[in-house]
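Following: one structure in structure tokens, then a few remarks.
Just so it is clear, A, B, C, D, E and F label the chains in written order, and each chain counts residues from 1 on its own.
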């Protein structure tokens, strides 16, 4: 049993930059770590879980928080694989990303030295990727809302709107399409904030 | 209902440095964010929960992950209050830290705009502070193990052992005193890694 | 006599970020050190002293420069205590900040190992806090003018005006209320520069 | 013809971190850019070319410098693909890396809007990858020597030898196996420097 | 023969900031290294060479790439000498910059331990400074185009146009005055990009 | 009268790196600003003044603090001119540095728009450069002690002793040769701290 591998994986995420932002032109000193993003996804997932429950939806909070915590863990090994370069492979691109991350994930899970733990974590990861259960949908929505909030942060540091406009629109669309109702509610809160200060206006 | 306040609080943690490390002589560019630390605490808490369950202990994973996610949220408002300066106030120091964080917390919880959410989050925070339930003890142990792993990171970047020696010993002691058995198991894994590479030796 | 404590305190200020800027949304890599700010306060205090003397006001330059050099020294121990979080304590907040800084200060002064030095530095610190003598008022005005200049710096790096607008207005007001006439003169110079470049316009 | 795409690709390399160093535990603020590395490879390639010529070897310097300048250009699109994660794909890993980079390269070359330019750059890239001509071997050797020099830099900043030991040994081996005689000469210079200062000793 | 000196010089450029940007008000964390700039100059020089050849101009690509690679090497010793401060010396300023860089260059060339290498590199450097051959003019134009592209980068990170306006205009003028036709063609591409996004508009 | 020039000069020092450290191999993210260094020189000068007075020496504290505050102001225009490159000019090197800084200084003083202020500041600067009065000697000693303390800081961040050994020895020698007795006393405090922790040992 070599739990040090799992622990190192966790710690490494503090040092891995979310490379997507570099592609969008953000200066390296303004790029968040994957750990930063994961924390935010956990917190927003928790909020969404509680808002959904208030609306009467049954949500398994343990499953939500497991998925949120683990959802980008493989990036400690694969880094934050930029979607842009996989696009050079055409259709095969996303299949490939999936395969690379899956191999990395098996490696991490394998290091847990326990079939039951390993299976549990892999199941959680698969549930997230399939994005069918309400719990997985909550984490996906939280992941998107974190991106929107981070865009507002970058705007606040002076990055011009045209740099992040496409990502903003595409991410807003994702949240609009989610079946998680509270996420749409949060979205309105976030976009209203955007419109309020003219500087936020993402045209 | 002003959920934007809660969301801003979450996002802000990505920018708040864990100031304790500065006190220990770490260069600002090597200091992790509070969000980095919180993510790691979540992941280690999850691992400890699963290890405890394997040992037959009943653990409410939802409670554990709620506490881990929220445990340092107030620092978005109060920053990472260094224990060292409160020491200048003698006995009143920790009472004061508690009071400041409690006020900040009430402010955050209040912004949720819903008594049920607000009460739930406050209850979670209180459970963590009291440190009586096994769930709270797991989060405290995870918080400590993250500190040990971060010390190993700093050693790996060349920081000399005498800089972090006292913090290492004091944190090891905390984990030794925890009733969470798996945490002691993890501790052995971590300290063994320390001893292996002579460079890690924290004398 | 342990002068190394005093020297370490001095050196530490180079690594302590002015945390107030983080609260205003500034990226950590754009936050100045407390030492940066203190140097600027010294230089502006010196200029104000000479301008006041030209106007015929008697100013003790030694006292001014002592106060300017020492005015934030306690922050090596307490860090830059954010006013925002003390506000959660209501009225008690500023009394508390005062008390914490006073204890830290006693600790530093005590380390000088000489009653006469220690008393002198403490008297200087007290004179600054009371803000009654013209010398103390000069340092306070210099401290404010440095904040205004730093805001212009941030504007020049692209930070939007709404981020720093309240701080700008509140600091301008402070300088307007000072009895130090040359400070008002400097203020006009600074705000004119602000208006000139439309980009500086702090609306 | 859209030469702005080519120019943007060039400029972007200044912002792309050499992610391999992150995998080796290097702090993000100590990681060089891909542009930094490419410049160094150009300069060392030039030196090797001149040393080889002095030995009587015929070298096409233009080809060498073309290859050196362009050899990592595709990383502006693909980032610095870490070998470590491709290893999770087993044998297919390096084939894949090759394929991804090839697609990215076609994209860049295509943007030159001129068949002759595009063909020339692609031929240059292919020559580098095949590593058969003396010109290609010089650039490969220069690429390796830059890695060794960068390891010495990291040692000089305090990174412990065990962090970079495997990479050092593996890279030394690569240079030993090169048919470029002057590279072996440079290698001796570099390793002697390593041995001299006990701190450099890469055990 | 002490080639380690030459190699150290090369590696050092990765750590030397282009100090001119600091003078223009750019934050240190946004300043590129001299190595970053040199790589970009190499790549743009290569492109210009190929475009000129397509137009039927005879260009010695080896000479171009040699000059581009070596053109700022002396800055490892002299740092990036800001033109602004030499202006305090009036007419003597640029003569002085030339002299300082020449001495530094002799030092570097001397360390090559071979008269033929040393002479070759010095000849290349002199050719660049004289700026008479088409090869030298290509490198000068590439150096200027890199500055324009870097200004666009800074605009993209939120730096206001007035900060970089004078440098932009003066550099555009330089490229307009070059006899290298393709450089003017590239210039149009770059300025068009500037006009397109209103944010780029360098007024 | 254009005091904004003087104020801008002051603020700029916060962004100018002490380039000497880069020459010694220090990573840019670990290099202090000139403002950081100046603050520290002010504080140590103040301490030395008070220690000398306790010994019965008459010291004009105003003069000391004026010189300390202003001593590196010209570097806002000239940057921190590295001694190393002036050495390429042989004997003329330091004369030149003097001349460049003098011209820059005249420029700053001239911007004060008042002959009396301008003369006063220039006299202060000249007194510092001549290094004859006890006040000037105190500032020179403080400047050196700050360098020693900064070396200890770098050692604490893992930089190996051989990197800074020559600078350490040469600076220790300077302080040993000063007629300021308290500076020698402080020196012993600093070197004792160095010897205590084996890691500090500057061999």
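As a convention for this text, a contact is a pair of C-beta atoms (placed from the backbone, for glycine too) under 8 Å apart; a residue touches a chain by one contact, two chains touch by 3 or more.
Worth saying up front: this structure is predicted, and the values here are computed from it rather than measured.
Student: Repeat of C-F among B-D, C-E or D-E, where over half of the residue-numbered contact pairs coincide, is which pair?
Tutor: Having compared contact pairs by residue number, the answer is D-E.
Student: Among the chains here, which has the CA centroid at the largest distance from subunit D's centroid?
Tutor: The most distant chain relative to subunit D turns out to be C.
Student: List the centre-to-centre spacing of subunit B and subunit C in whole Å, with centres computed as mean CA coordinates.
Tutor: Centres of subunit B and subunit C (C-alpha means) sit 32 Å apart.
Student: I'd like the Å distance between the centres of subunit A and subunit E, where a centre is the mean of that chain's Cα atoms.
Tutor: Those two chain centres are 41 Å apart.
Student: Nearest whole angstrom, what separates the Cα centre of subunit C from the Cα centre of subunit D?
Tutor: Averaging C-alpha atoms per chain gives centres 49 Å apart.
Student: Going through subunit B residue by residue, note those that touch at least 2 other chains and give them in order.
Tutor: Residues 27, 29-30, 153, 157-159 of subunit B touch two or more partner chains.
Student: Could you list each pair of chains that touch one another?
Tutor: A-B, A-C, A-D, A-E, B-C, B-D, B-F, C-E, C-F, D-E, D-F, E-F
Student: For the complex, give me every residue of subunit B touching subunit D.
Tutor: Checking each residue of subunit B against subunit D gives 29-30, 153, 155-159, 197, 199.
Student: Taking the complex as given, what residues does subunit B use to touch subunit F?
Tutor: 25-27, 29-30, 157-160, 162-163
Student: Touching residues of subunit E toward subunit F in the complex: what are they?
Tutor: Residue list for subunit E touching subunit F: 15-17, 19, 22, 27-28, 77-79, 82, 84-86, 88-89, 96, 99-100, 103-104, 106-107.
Student: Quick one: in the complex, what on subunit D touches subunit E?
Tutor: The contact residues of subunit D facing subunit E are 2-4, 6-8, 10-11, 13-14, 32-33, 35-36, 38-40, 42-44, 46-47, 50-51, 54, 61-62, 65-66, 69-70, 73, 114, 116-117, 120, 145-146, 149-150, 153, 186, 189-190, 192-193.
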